[in-house]
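Chain naming follows the written order as A, B, C and D, and within any one chain the residues start at number 1.
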Amino acid sequence: MPLIAVNFKAYPESMGDSGLHLARLCESVGEERGLSFIVCPQQPDLRFIAENVRIPVFAQHVDAYEPGSRTGHVVPEAVKASGARGTLINHSEHRVQIFGIDWLVEKCGSLNLDTIVCTNNISVSKACAALNPTYVAVEPPELIGGDISVTTANPEIVSGTVEAIKRIAPQVKVLCGAGVKTGEDVRVAIELGTEGVLLASGVVKAKDPKKALYELVKEV
Amino acid sequence: MPLIAVNFKAYPESMGDSGLHLARLCESVGEERGLSFIVCPQQPDLRFIAENVRIPVFAQHVDAYEPGSRTGHVVPEAVKASGARGTLINHSEHRVQIFGIDWLVEKCGSLNLDTIVCTNNISVSKACAALNPTYVAVEPPELIGGDISVTTANPEIVSGTVEAIKRIAPQVKVLCGAGVKTGEDVRVAIELGTEGVLLASGVVKAKDPKKALYELVKEV
Amino acid sequence: MPLIAVNFKAYPESMGDSGLHLARLCESVGEERGLSFIVCPQQPDLRFIAENVRIPVFAQHVDAYEPGSRTGHVVPEAVKASGARGTLINHSEHRVQIFGIDWLVEKCGSLNLDTIVCTNNISVSKACAALNPTYVAVEPPELIGGDISVTTANPEIVSGTVEAIKRIAPQVKVLCGAGVKTGEDVRVAIELGTEGVLLASGVVKAKDPKKALYELVKEV
Amino acid sequence: MPLIAVNFKAYPESMGDSGLHLARLCESVGEERGLSFIVCPQQPDLRFIAENVRIPVFAQHVDAYEPGSRTGHVVPEAVKASGARGTLINHSEHRVQIFGIDWLVEKCGSLNLDTIVCTNNISVSKACAALNPTYVAVEPPELIGGDISVTTANPEIVSGTVEAIKRIAPQVKVLCGAGVKTGEDVRVAIELGTEGVLLASGVVKAKDPKKALYELVKEV
């Protein structure tokens, strides 16, 4: 069963009540079609959305700090307390030092939070897999938010990541992202050996997100 | 009517349900004693707490970006959408570039969000007042989280800030913070010309936060 | 006597020997025409160029740290030891937290290093003037590296900065920059009340930097 | 022949002329004893010292940018132009995002600059080895600058790093550091499978750096 992780980013279309609406759409399409969805709301809505949907909610980012005097930072324990089940780490739009990725993967693991570490190419995917997160999500930054899916523009980066990670840390699951929009993109992602996709604008910025979601899952 | 702003920081004692409990304590003590409280929850709880209390909720931090492809960042519009009424900016534990403070003060103003810009001394207070936020909160970093209040250890920094800001931007209100714990600290803060205090550990880390809140307001 | 500060940035045309050549050109044009030049070489060349020219050399950036265990950071004392006479601070391409600008202005002052704090608009210029640097250099970021000078595209930002700073901290001198290339740009900058200009690509990226320098000083 | 890399950090004892003096001491001890020394001067002294010693000079840090409008940043090409032969990357005191480490390792390789990527534990060492730098230097941050060498306090981290890297990227050489001061520390580092050590305060902050250098090399 492929996984579809929807990153809400900081789009106006996914703030507050609109974010909850979008999360519920993902939930209902997933339940109807027997697919696994994860939603990644904006930080201020994390608890609010986690309380109101049954599908797993992930944070978009978490800071590599222990709880304490860390004004404005979001620590793993706070993600956990919000009811979220995991977090993105090192998204191309919020990059993290390697010491921090390592620390976060271990800390989140100890809190039973899943981790999706984002990478930009095969060598960084290999490096991050060595840190043993739940998922590595490979996304070429130049394709993020664009009209051509990574599965079309650069399938080699996806299959190369799958292969490299299989050798170095076979327990780490692979997602791919960047430009993913259609059912074919998702199908090809699976054929290339991934567990699913990470996407954002393709759903969140769609004129009709519900239609976009159905389009996305139609071939799986 | 003095203002008491309680920064929840990233303490375990203020996460999730405990955060809501604390916010409600502030609300009830404020209503009972006729005092203005502001609470600054952890980011993941922002909407959750804003929905459940009547007192103003502020974010602890906000990022200087327009809404959009900004994974993991909290933009002013998202703070607004959460139901918050304002935000801290440039806390000593989450410092901001001056270009960002300027941009945020203006953007938040246009969204009708109040801004509390934190500063560490008189010259930075003057500089920040020139950017025209709603409040400047002066807090010597070396006293933050400590046992001696800024009003005892360094009253000159408080009165000096009040005076400097009066000359440069008299419409900007002044708070003070760092080590504030007792009713006397609050009373002296007011006598020194501020509108109130910004505090964190004195309440959040107190063995009995309710008692700590009553102690805090007993002289005003 | 107007001041012309040339920021070498990280251009290939200003690295190493080419940087020294450029610094010497500035020196000879300045001496020939009775003008004050400052050159801001790339960090690795700071001492090398400071040793080999008579005009003042400034760092492009300095980190807000005391000397010590700060691998890879450039502290004010190291700028001083290199023979430089000052430093840029908070360039739009290397922004600094306001606590750091304040700390650096004071520390550099105590080391007898001049400071040029870069700003992006009138309100940030006012804020930075409150910190009492030697110079404020106002540069609208959207014009930096472009073909139209700030003196043509936005003379109000220059005169507005001069005026605002005169009220708040009259001892602080004003420079302007962004798109400055011609003798007329420099002349107008002076007429608008500045002490001179800060520029980069107009000289460093010029096909013939010597010609560009003569062009720049022809009206003063 | 073991390698001894001396990181000058931002110590007062290694600025400017003192830095050159120290570099020359390393050079003469190395030549006398047939040992390989690398010195890592402060950025402003890079070209100045590279010109005046025969041993390899490395930068302490380099920024992950192409040459261009990058005021105050040190790009790999500028390190190369200064005469340096390599650079530290990701020192615990100047941490780098993993995308940046990957980019720098490749870019420096293409410029024929050696790279020493610093790490804090075995898993990060493995991750960084996957990026294929010239060296990985493992240094537990809590021992840096202290009195007990990593080779005494935590030899397992050294041998574990050597072993893990041998499996994943056998061409990558290993250094170790933190608290290294004596000849025995260096000898044990070699016995644990490294090519040598990375150290700083043990030499730079020594009362008598010359004596400290002789002490360091006496068992090899």
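Keep this in mind: a residue touches a chain if its C-beta (ideal position, glycine included) is under 8 Å from a C-beta of that chain, and two chains touch if they have at least 3 such contacts.
None of the values given here were measured: they were computed from a predicted structure.
For the pairs A-B and A-D, the count of C-beta pairs in contact is higher at A-B.
Interface equivalence for C-D, evaluated over A-D, A-B or B-C, points to A-B, where over half of the contact pairs coincide by residue number. Note on chain placement: the centre of chain A and the centre of chain C lie 43 Å apart, centres being C-alpha means. Rounded to a whole number, the gap between the C-alpha centres of chain A and chain D is 36 angstrom.
Centroids of chain A and chain B (each the mean of its C-alpha atoms) stand 33 Å apart. For chain C, the set of residues touching two or more other chains reads 92. Those residues of chain C that touch chain B in the shared complex are 90, 92, 95-102, 119-121, 123-124, 126-128, 130-132, 168. Contact residues on chain A toward chain B in their complex (touch as defined above): 7, 9-12, 15-17, 42-48, 51, 59-61, 65, 67-75, 77-79, 81-84, 88, 91-94, 144-145, 200-201.
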